[in-house]
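Below: the structure, in C-alpha cells.
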Amino acid sequence: MITTTHLDVGQQPSGELARVPVITVEGHPGGPTVYLQANIHGAEIQGNAVLERLLALCRANRPRGRLILVPMANPIGINQKSGEFTLGRFDPISGDNWNRQYHFDNADLDDFCQSHLSSDDATLCAAFRQRLKAQLARRLASPWGLKTGQLLALRLQQMTVDADVVLDLHTGPISARHLYVPDYARANAHRFNIPLNIVMPSDFGGALDEAAFSPWWQLSQRLAALGRELPMPVDAFTLELGSQEKLDVNQAERDAAGIARYLESQGCWPEGTHKVAPEPQYACALANYRALYSPCAGQIEYLAPLGEPVPAGTPVARIWHYERLGQDGPLYTEVTVPTDAIPVLHFASANVQEGTELYKFLTHTEAL
Amino acid sequence: MITTTHLDVGQQPSGELARVPVITVEGHPGGPTVYLQANIHGAEIQGNAVLERLLALCRANRPRGRLILVPMANPIGINQKSGEFTLGRFDPISGDNWNRQYHFDNADLDDFCQSHLSSDDATLCAAFRQRLKAQLARRLASPWGLKTGQLLALRLQQMTVDADVVLDLHTGPISARHLYVPDYARANAHRFNIPLNIVMPSDFGGALDEAAFSPWWQLSQRLAALGRELPMPVDAFTLELGSQEKLDVNQAERDAAGIARYLESQGCWPEGTHKVAPEPQYACALANYRALYSPCAGQIEYLAPLGEPVPAGTPVARIWHYERLGQDGPLYTEVTVPTDAIPVLHFASANVQEGTELYKFLTHTEAL
Amino acid sequence: MITTTHLDVGQQPSGELARVPVITVEGHPGGPTVYLQANIHGAEIQGNAVLERLLALCRANRPRGRLILVPMANPIGINQKSGEFTLGRFDPISGDNWNRQYHFDNADLDDFCQSHLSSDDATLCAAFRQRLKAQLARRLASPWGLKTGQLLALRLQQMTVDADVVLDLHTGPISARHLYVPDYARANAHRFNIPLNIVMPSDFGGALDEAAFSPWWQLSQRLAALGRELPMPVDAFTLELGSQEKLDVNQAERDAAGIARYLESQGCWPEGTHKVAPEPQYACALANYRALYSPCAGQIEYLAPLGEPVPAGTPVARIWHYERLGQDGPLYTEVTVPTDAIPVLHFASANVQEGTELYKFLTHTEAL
Amino acid sequence: MITTTHLDVGQQPSGELARVPVITVEGHPGGPTVYLQANIHGAEIQGNAVLERLLALCRANRPRGRLILVPMANPIGINQKSGEFTLGRFDPISGDNWNRQYHFDNADLDDFCQSHLSSDDATLCAAFRQRLKAQLARRLASPWGLKTGQLLALRLQQMTVDADVVLDLHTGPISARHLYVPDYARANAHRFNIPLNIVMPSDFGGALDEAAFSPWWQLSQRLAALGRELPMPVDAFTLELGSQEKLDVNQAERDAAGIARYLESQGCWPEGTHKVAPEPQYACALANYRALYSPCAGQIEYLAPLGEPVPAGTPVARIWHYERLGQDGPLYTEVTVPTDAIPVLHFASANVQEGTELYKFLTHTEAL
C-alpha cells in the first residue's frame, strides 16, 4: 500500500545526485490523486513533519485514492548553510527563488479548446493533462538545457500533472500559520483550520500552487467564453505552517489533521473522520496582503503579536539606533501600521536594513 | 563646470548611509542630458574606470549639454563579499537582482495621450517627464515603504528622468564586450565600437535601460495609433564592458572613446572628435541570444574563445567527473553548441552544477 | 560628563569608513577605568541594549571613575547579511572569527620584569601599559599592513590598554545567559547575577577578555617567580547575554543592573546602589564546558530546556530523517547527553549536518 | 592493479552521504606507500586533473609500491557555491578552514620513546603508526562527537597513517605554482620542478602535510635527544598548482610528471623515467614568505607579474577610489613592496577592503 521511490532532481558539483523521496500511498479505489510536497525552501522544514504525521493518519485509516508525499523536496536548498542558518530560499548562484521556476505556457490554449470542444469532460481533461506532460517533457529535452532551478521545479512538476489536489507546504520566516487560497476554491479552505487566509486571483506567478491550477483556470474560463462549463478539476493550495528553522511535531500533528479534514471534502475519507479544535479564521484578498518595509536601518524590537488584529497607527516595531548612543535626539524610530491589520509574519533577524520587509499583514479582512 | 554631490541610497544596519557620488559635467549649452551609471552589480567594476576616462575626455574637450556620471552606484552590493569574490549581483537577503527593480507603470497611458494630443512635442515630453517624476515620488512616499532594492533603484532612476540618453555600464562574468541595443535605436549603436550586439524589443523587463526607454516607446506607439508621430526622445543602452572582478584601465580608455563617439551623434561633440580602431561587429535579436545550461555537474574546461564564431556541433566545454577516477567509462562529458554561434560569455567558475549557465551565445547573427 | 567620539576601524570597498561610536562617561574622580564593548559579532545585538541601559544608570547616578562604552563595535560584521540573518561571526572573505584576532605578545616579558623589578607597583603598571601601547602601535604601523580583522581588533584594543576592567558583551546562538570568568577573578563574578559560569584558565586564546588579562596574569606569575607579588590590576570578562538576532530591552535592563552591581565592587558606585533579583548560579571549569556534536545529519527537535540540569543519558535532541519517510526502520536518532550536565545553548537552526555543534553544556558543576 | 572504493566523510542535512573516491594503484612490490589528495578546498580543482594524469602515468608504467589517489576530497566544500564561485575554503557554518582540522597529539611522546627505545627501526615505526591509528580511532569514537571539519579531516587522515609520502594538492587564489617544503626534506624538493618554494619548520599548524610529518619529526628529535638516530620515515608536501576555479589539463600533465619525478627518488620508478623541462627555482624560509595587506579599500589593478622578482619599492598595485571621482586629490593609492620580493599569488577579486591580503611574496630568497 505504501511504496517509496526516488527522483533525481539535479547533480551537484561533487558528482552526487540530489535525490528526492517519493512516497505513494495507494488507497482504496475511487478517490482523488493528491500530491503533497514539503521543504522546497531549505529552511522550511516543518512541512516534513506534517507529511510524517499525515502518513501516520493514512496508516491508521486507509484513504480512498492515491496520496503522493514528497518531503525534503529540495536537497540542494536544504544543504545550503550560511552561518548557522539555511540559505535555501534561492539558488545561491543566481538568486532565483526555488519556488518561482515552475512551468506555465497557455499560448496554444485557443487551439486546444477548439479541437476539444466536443469532447466529454473526462476526455478533455485527459487530453489537457497529456498536453501539460508533453510541454514539460519538451522543455526538459531542450538541446540548450535548463537552469538548475527549472530542472528541479519541472521534475517535481511532472509528478503533479495527474493530481486532482496539489498542496505545497511552506513556512514563513517568524510566522503565524497562514494559507494561500485560490479564489475559486474558497468553499473548502476553512477545513484546513488555518487562522489566516490570503485569497488569490488565479494567475500564474511562478509558484507550484499557481502552476497547478492556473492552466485549468484559464482553460475553464476560455471554455466558458465558448459556452461550455467545466468544473475546476484541480485544487491547489500553499500552506505556510509556522516559522522556518523550527520543528514542532505536536503542531505538525494538528496540521496533518487539518489537511486530512480538507481531504475528506475531496473524498479521501468519510466526512468527520478527523477532528480539529476550530480556530478563528480571517481572510483577505491578495491585494490587501501588505508588506511593511523598514523606513530606516537599525536593531529592532518586534512589538506586535502575530495573528492578533491591531488598529491603524499601532506601533508594531521599535528600531533602535545604538550607533547614536550618547548623542542628543531620539535613539529609536517607532514604526506604526498604516491601516487596521493582522500581523501574519515578521522578519527573522533583529538587525535590519532600510527597506527590509519587516512584517506582512492581512488588511481589509473578511470572512473566509 | 564639474561638480560632485552625493545621493543617499540606503541605510545599513550599522547606521551608515550608503552614498553614491554624482558628478555633473556642465557643458556648453545646446547639447543633450546624458546619464551614465556604473557598478550597480557589485563585482562589475570596469564601468567605473570607463567613467573616469570619459571624465578625462570631458576635461580635455568640453562637451555640449550635460553629463551626469554615477560611478559606484551600488555601495551595498560593492561591499557584499563572500569568500574572495563580490556577491553583489543580488540582494543577499532576498535574492532580488539589483538591476531588476526599476519602476515602470504605463497604466494611465491612454489618459495621458488623450489629454496631451494637441500639445506640441516639447510640451508633451515635458509633461511626460513630469508624470514619471510624480510616479517615482509617489512610490517613494508610500506609507508601507519600499524594498531595499527598490529604494536604491528608484532613487537612481529619479536622476534619469530628465536625461535624453541613459547608459548603464555593466560587465559579464567572463565575457567579451557586448551591447544591448533597443531595436528603435540601432542606427547609432555601431558607434560604440562594441563587437557583439543584442537587439532588444522595447518592452520593460526591470533593467535600467528598459526603464528609461520603454515608457517613451509605448508613448510613441500609442500616439502613432492616434495618428501622431513622436520621434523617440530617449536613447538607452546597457554596455557590458568585459569581465567582472577585473579592472583594465587601458581597455577603459578605448571604451570611453567609443562612448564619446556615440555621444557625438547625440550632439555632445562635433563628429570625428574621438577616434577608435574599428572592430568587427556582430548582432542578433534578443530571442536568438541563447544561454547554454550544463547537462551535468562537474569540473569544466571552457574550450571556445569568446567572440569567435563556431559552427553547430563544436565542442565548447569538457566537463570532467573526477569522482569517477579509476572507474570504467568516460571521465568527461563533451558539451557542443546546438547551432552556429558566437560565444559571448562563460561562467566564472570551473566548478558547475547541473543546470549552471555555462555560456551565452549570439545565434542567427546579422549586420548591426 | 558624557562625550561621544568615533573610531575608524576599517574602510569598505565602496570607500565608506566603518566607524564605531565611543561614549565616554567621565565620572567622579577616584574610580576605575572601565571599558565595555558590544556586538563584535554582527548578530549579537543584545549587548547594545545593555550599554544603553547602563548609560541610563550612569545618568541617574553619576559613577566614580571613567566608563568607556563601545556599542556596535563591528560595523562590517553588523552589515553582513546572508538571507534574513546576519553572517557577522567571521570575516566573510577569510573565515576568521572577529573575536580571535586581538594582539598578545609576551616574548619580552623576562626582560621587562628584570628591568622593572625595583619599580613600585604604579610605576611598573604604567610601564607595562606603555609597553602594550607601543606593541599595538608598532603592529599597526607595519609596512606589510594587517588583516581586516586585526585592524578592527587592534584599533579597539588600543582603547582597552588603560582600562582596569574590560567587559565584552556577546550572546550565544539560542542561549541562556552565561559568563566567562578568569580563574583569578572568581571572587566578584557572582555579582553579575548571571546563572551559568565558565571558569577559564588565564591563557591567551585570541578573544578580547583574554587579550586584556593574559598579559597581566603572566606578568604577575613571572614576578611571583622572582619573589614579588603584584595584585592583578585588570579584570576582564566575556558576558553572553542571551540569544543572537534578538533584542530584549527588559532583560537588558536587568543585565545592566548586574553589571553595575559588579562595578560597585570595583569602586564605581557605593555597595548596594543597584539591586537585582538573585538567580541560582552554577559554574564549571572551561575543560568541563563541553560541546556535543551531531552524530548524524537531519532535522532536529531540541528537547532540553536551557539552564536546567539534566542527568546523564537524558535525550536532549531528536534528529529526524524525513528522507527515509515511508521506509522501514527508525525515522529519528535520539541524542543523549553523556554525563550529568546543564545545557547552556543550542544551535540556531533545526537543519543540521553531521558534526554540527548541537549543544554546549556545563558539566561537573561547582559553586561559583 | 587499480581499485576504487569510497569513503563516507560526512552526512548532509538532506540525508545524503558525502563520499570521497579512493583509488588504489597496487604496484610492483618493494616501493613506498604514497598518499595523494586533491581539492580539500572546494575551489581548488586543478589537483584532480593532476591526479588523473598521474594515474595515466601509472597505467603507462606500473610503479613500485602503492599509490592511493584521493581526488574530490571534500564534497561538502566542492558543493558550496555562493554566487558564481565556490565558497569551499572554510566550513560555511563555523568559518573553520577545512585544511586546519587534522589531528596531532604528541603529549605521550616521552613515554612512547622510553618504551620503544630498544626496538629496531621497523618495529618502532610500526608501533608509532599503531599509536597514531589508535589516537584517531579514539577521537572519532568520542561520545561527544566531533565537528564536521574534524570528521572530514580525521577520516581522510586515517588513510595517511601507513603512508611514507603524503602529497596534498592545492591551488592559490590567482597564483603561480609553489610548494611548501619541510626543512628536513629539502634535498628532493627540486624534483617537483615547481618554481617557487617555501621552506617550513617542522611544527604542527593544522594542515595535512604538517599532520603527516610533525609527529615523526618530533619523534626523531626526541629520540636524538636520547641518543638514537631515526631517519625521517615520512615525507609530506603541500603543492599549490596554480589558481583556484581553473582547470588546465596541459599544465596538469606537466605537474603529474614533476610528481612522478619526485616519486622516482622514493623508489616508485627508476630514475629518469619521467622528464620535465626544468624551470628556475627560488626558495625562502616560511618566516620570509610575507603577505601584503591592503592599506585602504578600493578597486584594484594588480601590476606585478607573478613569479618574477621585483626590487623593493616597486609599485605592485594601484587601488582606485572611484567614489572620489570628480573631486580634487589623487584618485588612486599606489602600493609598493617593502623589500626585494617575488610575487607568488594575489587576491582573486579587484574589489578589496582595507586589510585584504593583496599579495604573498617570497623575500630573502635562496637556492632551494
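A, B, C and D are the chain letters, set down in written order, and residue numbers restart from 1 in every chain.
Rule of thumb we're sticking to: contacts are C-beta pairs under 8 Å (C-beta built on N, C-alpha and C of every residue); 3 or more make two chains touch, one makes a residue touch a chain.
Remember, it's a predicted structure, so these values are computed and weren't measured experimentally.
Most remote chain with respect to chain B, judged by CA-atom centres, is C.
Each chain gets one centre point, the mean of its Cα atoms, and the points for chain A and chain C are 42 Å apart.
Averaged C-alpha coordinates give centres for chain B and chain C that are 47 Å from one another.
One simple way to say how far apart two chains are is to compare their mean CA positions; for chain C and chain D this gives 34 Å. For chain A, residues touching at least two other chains, in rising order: 12-16, 42, 72, 75, 78, 81-84, 86, 89, 93, 299, 322-324, 351, 353. Taken together, the touching pairs cover every possible pairing of the chains. Put simply, chain C touches chain D in their complex at residues 10-16, 76, 89-91, 93-97, 143-151, 290-299, 321-324, 338, 351-357. Only residues 2-4, 21, 23, 39, 42-43, 45, 48-49, 51-52, 55, 69, 71-72, 75, 78, 81-87, 89, 173, 245-247, 249, 299-301, 320, 322-327, 331, 347-351, 353 of chain A touch chain C when the two sit together in their complex.
Within the complex formed with chain D, the residues of chain A that make contact are 12-16, 18-19, 42, 72, 75, 78-84, 86, 92-93.
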